[in-house]
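Consider the two complexes below, in which subunit A is the common component and subunit B and subunit C are the respective partners.
Showing the complex of A and B:
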């Protein structure tokens, strides 16, 4: 039953809708009134600096998951950290069969909160303080003193502007556990992060909700679970890559079509020569021409031309080989290599021979080498599979970095943020 | 895989392309193609003008 009374401070109309209301606030002059006294005794006159308008009008009803609730009270509360005041709005909701619950809003982030009857238990934690509640571990986020800055509507408890409580928040996104401690009383509550659009829909509020700013303490990470699954998918692709590598190795062992040993010493006649003819079968395939030498502190340069005897097409390449070794104050050293490979891509089938022209230093001293020429065809180019593996690393790495960045931004607002650490460091100085 | 359709598609395309490139033997090679090499080269190899002959090379060591 609605009781209509007169505000003893301003004479305005005060309506009391709920029997359990202890304090009511006059909408006109914002005086806090004692609803249990017939004459509405003034408990506190409004002395705040600012009047706030609730986004959810008092008296409006909204359908939440647990039933229909009416917004009956509104208060602004704030904490001060490092000289900065952070304010949030709290809406007291009432359902005659289900009791009270709250909606809080900070910078466009909403939470649906109800008080807890069970007290959470202390959880084992290596770093931050933690609590357990219904199998979930809640990590300490922030401890602060919250002050009531503005009140409006009806409240089933004694409410005063300027009243302070110690608030401790623990998070397990999308849930949060909070304790509010006043003299001799601790009230526990649990909240669920609620999209603003759901609040707008529930209460039929006009327009679109203001966009959320920053990342809230218990805001669910859009990357939760994605990091593990992207790495799992990467693992799956890696297995497929290994399998592809094995299959290629089995299916394409490569065909050795030519292998012969030669010797060379400069100044002993025409250096260039051609090899006997060899034949490539099948489609276009890579050809690897490998030179293995016995060079010792010397270099050699080989001009190579793989020539198609039928078409007159030549694949021309040059390779330098150098191998040096010795001993100095650092011990033994070596530099270069005695062998090299030239890969000629997409060589069609046909009859071929190699034209080889070796060169070595001509400085009056003896230079010479024994070397072997090996021609193989049809070996897979595994480098592409290795490159693909590195390219596959990109998505899970980016996801991990973004998830890490999200959590960093979340915890930057906590008691464990970088600003807190640096300011405590300054104090030590 | 179904949670990450873009990554799945990216991975499958990448694996397909890499397997094909490995199979076909795509390579970035410093090999030049010369056409119309006469058959007489087999009898006179010194007459072939190799593109990479007279290459200035490093000689030395530590």
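Showing the complex of A and C:
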């Protein structure tokens, strides 16, 4: 039942709509009035510099997930950090069956809050202070002194502009736990990050909600689930690649089709020769030509060509081999290798031979080597699998970096941010 | 005895619960205390203030699947308003309480007072007590004034002075109250509940709301 009374300060009409109201604010002069006294005793005259308009008009009703609620009170509250004032709006919502809850708004970020009827317990934590509530871990975000900067509407408790409370926020996005301490009494509340669009729909507000600026303390990270998912997918694909490697190794065992030993010393006859022919069966396969030498502090160049005896198609594969070793002040050293493998991809079946032309230095000193040429066919090529694996690493890496950067931006606004000095009345107790 | 007559006005007084110790006459608002077969009028209830609670005598509901009906109430006033302790009778005859402070509902049952409960003026906030392995901690202490009674109660309750209520909470929804209106204090243990959990029927109609 609405009671219509006169404001003792400005004479304007004051309507009291709610039976539980203790303090009401005159809509004209913004005086805080004692609704329990018949004459509406003035509790506080408005001294503020600015009148704020609630985005949710007082008296309007919204259908939230938990039922229909009417906006009955509006406050602006603020904290000061390093000389900068941060203000947020707080709407008191009422349903005569379901009780009270709050909607808060800061820079376009909304939270649906209600009092917590449990006491969070202290959680074990490696770094920041943390709390446990119903199996979730809430990490300390900020401790600040919040002052009431503006009030409007009706309240079932005492409200005054200038009143301060110590607020501690703990986050487990999209949830937040907050404690407000006044005169030693601690009141806990629990909030859920709520998209502005949901508030607009619930209350049928006109237009579009102002866009959210920055990242809010308990804003859910869009990357949170995705980091785990992309890495899980990466793990799955890695297993597939490993499996593919095994399958390839089983399906394509290397087949040794040619193996012969030779000797070479420069200046001892015609260096170039051709090998006997050998056959490749099946379809297109890789061919590995391996050369093993007994070079010692010397080098050799082997100009090699794999030639199809039927078509004359030649695959050139020249290779330099060098192996040096010795002892110096650091001990023994060696450089290079005595052997090498040349892979020729996609060689069709047929009859082949190698044309070989070794070459070594001709400087009057003795040079020479014994060497072996091995031709294997059909060993699978794993390099593509490795390239694919590296490519698969890209999406989870990027997602992880973006998730990390999102969390950095979130925590930059906290007591642990890079720009915040711990001087603004924060006490870490 | 389920039917009797008000010794003050002669109106018929019906008891819904056989163990009721006290009731109020629905006609003349006399507080009636049962003595064997007689009813004694011990006083009158002053006009109860307008009560914004949606609960009323006759409201039905269920707690953990067990149906109850509201048969009595004690109204308390404190500096920030008023609240009710509604007396519930369950389908199996058990007696319990439903509190509606600030429309935050809790159902509780009287339990033996734990040992070592400090006197009202010495009870510190944060005082803890384990009940059935649940840690309960005093979170709010409220000095309140008895402001009226209605209906059937399990004990005599009228004309009380200002008393202390200590609300205790747990890491979950368990809830307890130390009620210093008697010596030794009364102890109630229960659970904080949401409106929808209680599946109410026959609530008071509130204009403009459904």
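Annotations for the structure displayed:
Throughout what follows, the second predicted complex is superposed on the first by the 419 of 429 C-alpha atoms of A that agree within 3 Å, B and C clash if a C-alpha of one lies under 4 Å from a C-alpha of the other, contacts with A are read in each partner's own complex, and residues count from 1 in each chain.
Heads up, the rule we're going with is that a residue touches a chain if its C-beta (ideal position, glycine included) is under 8 Å from a C-beta of that chain, and two chains touch if they have at least 3 such contacts.
Everything numeric in this text was worked out from a predicted model, so none of it was measured.
Following the overlay on subunit A, a side-by-side fit with no clash is recorded for the pair subunit B and subunit C. By the touch criterion defined above, A:292 lies against neither subunit B nor subunit C after alignment on the C-alpha atoms of chain A. With chain A used for the fit, subunit A forms the apex of an angle whose arms reach the C-alpha centres of subunit B and subunit C; rounded to a multiple of 10, it measures 150°. Legend: residue contacts after superposition of the two complexes on their common chain; A:120 is shown touching subunit C, with no touch to subunit B.
Applying the stated contact rule after C-alpha superposition, one finds that A:19 touches subunit C and leaves subunit B untouched. In the superposed pair of complexes, A:186 makes contact with subunit C only, with no contact to subunit B. Touch criterion not met for A:78: it reaches neither subunit B nor subunit C.
In the superposition on chain A, the chain among subunit B and subunit C reaching more residues of subunit A is B. When the shared chain is aligned, no partner comes close enough to touch A:60: not subunit B, not subunit C. Look at A:303: by the touch rule set out above, it reaches subunit B but stays clear of subunit C. In the superposed model, A:385 lies in contact with subunit B only, and not with subunit C.
Overlay on chain A (Cα): least separation between subunit B and subunit C is 33 Å.
Overlap of the subunit B and subunit C interfaces on subunit A comprises no residues. Residues of subunit A that touch subunit B in their complex: 225-226, 229-230, 233-234, 236-237, 240-241, 244, 248, 252, 270, 272-274, 284-286, 297, 299, 301, 303, 305, 307, 309, 312-318, 320, 322, 324-326, 328, 333, 335-336, 342-346, 353, 355, 357, 359, 361, 378-385, 387-388, 391-392, 395-396. Taken together, the subunit C residues at the contact with subunit A in this complex read 50, 52, 54, 80-81, 102-104, 106, 125, 137, 139-140, 169-173, 175, 192, 194-196, 200, 203, 206-207, 209.
By the touch criterion stated above, subunit B contacts subunit A in their complex at residues 1, 3-4, 6-8, 10-11, 14-15, 17-19, 21-27, 29-39, 41-42, 45-46, 48, 50-53, 55, 57-62. Every residue of subunit A that touches subunit C in the complex is listed here, in rising order: 1, 18-20, 22, 66-68, 95-100, 115, 117-121, 132-134, 156-158, 184-186.
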